[in-house]
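The two complexes that follow have subunit A in common; it is paired with subunit B in the first and with subunit C in the second.
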Partner chain A sequence: MTRDAKRLSLILLFAPFALWILLLIVLPHIGMVALSLREKVAPRIYEFGFGNYIDFLNEPIYWNTLLRTASMSLLVTALALLIGFPIAYYIAKIAGRRARGALFLMCLIPLWVSDLIRAFGWILLLRQTGVISSLLVWSGMTDEGIEFLYNDAAVIVGLVYTVILFMIVPLVSTLDGMGDDMIEAGYNLGGGHLTVLRRIIIPYAMPGIVAGCIVTFMLTAGSYLTPILLGGKNSSWFTEQIYNQFITRFNWESGAAFGFLLLAFTSITVWLGLRLSGQSLANTVART
Partner chain B sequence: MTTDDAFDLECLGICKDFGAFRAVDDVSFRIPSGTFFSILGPSGCGKTTLMRMIAGFETPTQGDILLKGRSVLSVPPNRRNVKMVFQHLALFPMMDVYENIAYGLRCAGAGKDEIAGRVADVLTRVALPDLARRQIHQLSGGQKQRIAIARCMALNPDVLLLDEPLGALDLKLREAMKIELKLLQHQFDTTFVYITHDQSEALVMSDYVAVMNAGRFEQVGRPEELYHAPKTAFVAGFVGDSNRWSGRALEVRADGIKVETEAGLTVVATAFGDGAISAGDAVEVFVRPEFIAATRPGPDAAAPGGNTHSGTVDSVLFNGANSRVLVRSPNGTMIEADVVVTGGGNDLHEGDPVRLDWPFAQTMCFAAGGA
Partner chain C sequence: MKLRILLVGLLSTTAFGAASGSAETLRLLTWGSYAPDELIQKFEERYPDIDVEVTYSNNEEMIAKLRATGGAGFDLAQPSHDRIYAAQLEYGIYKPLDLSQIDTDVMSPVHLEAVKTNATLDGKVYAVPHQWGTTGLMADITKAPDVKGWDDLCDPAYTGKTSMRLRRTILLGTAFAMGEDPFAAYSDLDKYQDLLDRVADKLIACKQVIKAYWQGGDDLSAMMLSGEIVASETWDSTAYKLYDQNQNIVFIPPETGALTWIDTFAIPAKGEADDAAYKWINFVLEPENVTIMSGSTGAIAAVKGGADLLPEDKKAAVKASFTEADIENLKFFANIPPGVEDMEGKTLEKIKAATGG
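Entry: the complex of A and B
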């Protein structure tokens, strides 16, 4: 009786999740894979084949874009970690109890504004007639305005700004779980600042670091708005390529293949990262 | 300033202020080599702050700390040869037992073979030779304790600080660890400074105990001294159990001070501590339950030099060898006395009339509010 009730409540609780996974994740992806394996042989005539994938390999601009997206995403992830770690450490370990909440809230504020608005904020700052350029002209450091937009640096700055919160949150929660006595013990047993950081704080925070890196890497590699708006025509982001296939060229087969390739590529990168850091997905996700 | 190599640790006039609050107030002591020294005090008395200053995590506002005769105030915590067992042990969960112990040796720049030798040696000495490759979460509470000590002792510290490490253990294990800690201290022959609020831990293990209250040392002495010859009312009340009565000195006699308690009980007490007591002074009187003999009222007269009172048994607190009776005297004062409960017909029961006797000499009287 109670066992049945338990089972029923489990099923009821599990049902929305199962539906979500099935309808919104598994089914569309099966559709994508099926779509991507159709080759167009004549107008409205399709055949099963790997043509779309072979096209991708034969066209350097495609896989170069993918590699470029991946390497820039890795750079953004690394930068987010480098900038985010001290911030997270400050929030979790140094700030007082009251300051902690306020600081955390300040990290969250950018999320209240839409992606689009945030990107336009950067445009206002960085464009040739923007705030920074005008300031430089006004102060006499340059004669005419400088265009800060539409280069890789602008894309990276914008992306780091967008994703850093997703690095800070898991880091704060793991660092928060580390007692101060752990750090003090590290010093007490003879470790210097660097040793304590390297042998105690970072290994302890590793699950948080890995979780933060996975999320930021995935978000960056899959982002569309920020690279397009800040990088302009030169951004060559892989999501832009997918968009072009689907919308501009109306080549859904090829777009689906690209979409699937992006998923496979980022998954392999994450898997490699997990292997290299000696963490398991369950460990990092469960801990944060 | 006199310094001597015979003292592992000396604190000279240590003060520590947190804003306007003085956490540690003019504490001075020296610990001879190889002793087990406890600092006993209620929570918030400044004992942890004192320990953190010795370890180097806090800087004293005033005073000096000497290790083996050398001032260590300018030495950062990682260069002081004082190791610390933290309250929650602070073993590194991401390392196994071997790596936990090796960490300090690596920091000291020891070679690979030396580390392996030292780790094996220290694990043998704490009687856990086979646990080197165990993960921390696989250890029992007592094993963690010993590994935390081993991790420090592998570095041959001048002084080992222990910050209430038994607090998290259950009662049975705590009793066993008390004895074990004492044995470990003998084995390593290192000075242990042990911080606790549990008087039984301090009394059982220590060679010397310092009783700390409100940032000051009330008394430093051997456990027996603290128990039988407390210098202040605080020590008398904090160390061991006692009946405690506030009252007023009626007259100062040759054999003691006659005191009337607030409830109206008249006892003769012996002056303890430094404060002189004259007639009319407010006083505090302490009598330990084991010195009060509770018997059935009989014809025999009171022994000379002893207080005698009668009352009725209010309740019997059975606790094996530590059983106690609560006696209500005619004026309503509750008096605790130790009794032996044999289970036979002679035992005291609730409502029985009872006679209480205790010597003047064991009735400790302190000037109230004084030092």
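Entry: the complex of A and C
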């Protein structure tokens, strides 16, 4: 192939991606920034200014909701890691070749139905007249049904369930690449289970852990359906605030500012996480 | 070569001709159940050259959709009567109506006047009424016999067994229950803010009592039918549907008056099928079609004798809940002046974020 032909094929291969990024990600975001910097002074009259961002800082409800969303997302990420790691380890290292495919498939199946259906599934299980509560009444452990729905715990359970797959997949693919000989060598040199886990497996799996955590954290912080449907009278979620600004209050300007703040805040959290764990995007997300 | 060009030309004209000959499209932006299949079929039979396309939505989303396109993409929208004035003033998303094209004679004068006063800007009318209904309370009378006013939802006797929708309606209802008139306070926004603050305190204290805020008719129905809650704020149409399944669940107009909304017909600013839109409006106002429509929506048509045109089962449900006095006590939603939407939104956020219960 001549150089020109090579170049052309590169451009052609790259074009869909570039168009996608430009038209669907970059352009709308520029529009959002422009929108968020408009202040409404009177009907149909707008001025340039940072008023929407200042409003956010002046109103404790807003940044409290943002902090709440962030801390609950971190909790969900941690739980997903705690539950997902043993599963991933079992699939990648312990299960037989044939069982591995089947197990992986079983993790995937819940993702074949939409978020909404999964949330309704949890509602049917957790509500006061739902499956779990009815079972408890039937067994005589309580007289009246117990309400498991409409609280933060329900939101966290629902979210962990939704995002855990995005933790398991990168973990399996990194752990898969680790030779069994490394673990054997660890034991041969006198390491206990804990030492092998701490000194060999976790450091090796670190790129997968970081990649999984980033994806699950971003997905959780940006989720809307699960917190709305499972959450109770006190569970505000930041995406709900954005929806309210855009739809209920017709305040697109401050909705756009909120959207940007969420993006900035989660990005900073991820950056901090990378710094603290001594990883970089290049050797984690890009590698898995 | 020439032959080929001719062929292509011929092909494209037939394709084009087929597309344009087949129909004008009427794109409806309306509430779920406001365009029953039966009516659409009947309409398309009468006007074979019009195709009806329906998008289901709610007040807030209708305005957001139209605002995003400057009023394009739909030919007829059905927001409530209090959502015309400010939206038109701020975003210019509607077109003035040509009233000579609409059979306004068949409309019930009260509702027509109420909508006209609310939806007139610079002497031009932007909406006419379609269906009306109320927001009030419903209760299972065997388990919550004493529910009479908005504040009874906060009665500690029903702790964990009531629900409401955290939207502006409950703010207004609570204000009425406190003996205030929020619509009168619209003219003085400082006074209104003060009222909203007191309403917020009340509703924050109320969080201990209620079980959850409902989001839509479906989760409300599920909670009520399963007996998880015994009383709730509700749309009357939802309550009537439940009355069909359990005669103990009745709609209760609050003693301070049920809050009344009128869903309207409004034509979006860049609608492309005004004729078809007027045809649809007149079509659904015909008596037999009113009955089909009300059967689907559960609301009462704003035509003369609208209540008599309800299907039989709905008529019974309405009779079980409304007395003449209740009907006289109806409170029509007043126009939302610019700025109020924002104040109310902030109050709702404050209530949601408060950890009272």
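Please note the rule applied: the second predicted complex is superposed on the first by the 285 of 288 C-alpha atoms of A that agree within 3 Å, B and C clash if a C-alpha of one lies under 4 Å from a C-alpha of the other, contacts with A are read in each partner's own complex, and residues count from 1 in each chain.
Throughout what follows, contacts are C-beta pairs under 8 Å (C-beta built on N, C-alpha and C of every residue); 3 or more make two chains touch, one makes a residue touch a chain.
Because the structure is predicted, anything quoted here is derived from the model rather than measured.
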Larger residue footprint on subunit A, choosing between subunit B and subunit C, goes to C
Is A:44 touching the first partner subunit B, the second partner subunit C, both, or neither of them?
second
Check the residue A:260 against both partner chains and state whether it touches subunit B (first), subunit C (second), both, or neither. neither
Check your understanding: Does the superposition put A:200 against subunit B (first), subunit C (second), both, or neither?
Key -> first
### Task
Could you look at A:228 and tell me whether it touches subunit B, subunit C, both or neither (first, second, both, neither)?
second
Exercise for the section: Please indicate which partner A:64 is in contact with in the superposed arrangement: first for subunit B, second for subunit C, both, or neither. Expected result: second
**Prompt:** Regarding the shared-chain residue A:217, is it in contact with subunit B (first), subunit C (second), both, or neither?
**Reply:** neither
Review point. So, A:247: does it touch subunit B (first), subunit C (second), both, or neither?
Key: second
Determine, under the contact definition given at the top, whether A:237 touches first (subunit B), second (subunit C), both, or neither.
neither
The answer for subunit B against subunit A in the complex is residues 55-57, 76-79, 82-84, 86-88, 90, 92-95, 103-104, 107-108, 151-152, 155
In the complex, the residues of subunit A that touch subunit B are 179, 181-182, 184-192, 195, 199-200, 203-204, 206
Within their complex, subunit C touches subunit A through residues 60-61, 63-64, 67, 87, 89-92, 160, 167, 207, 210-213, 215, 222, 226-228, 338, 341-342, 345-346, 348-350, 352-357
The answer for subunit A against subunit C in the complex is residues 43-44, 59, 61, 64-65, 127-129, 147, 149-150, 228-229, 232-234, 236, 241, 244-252
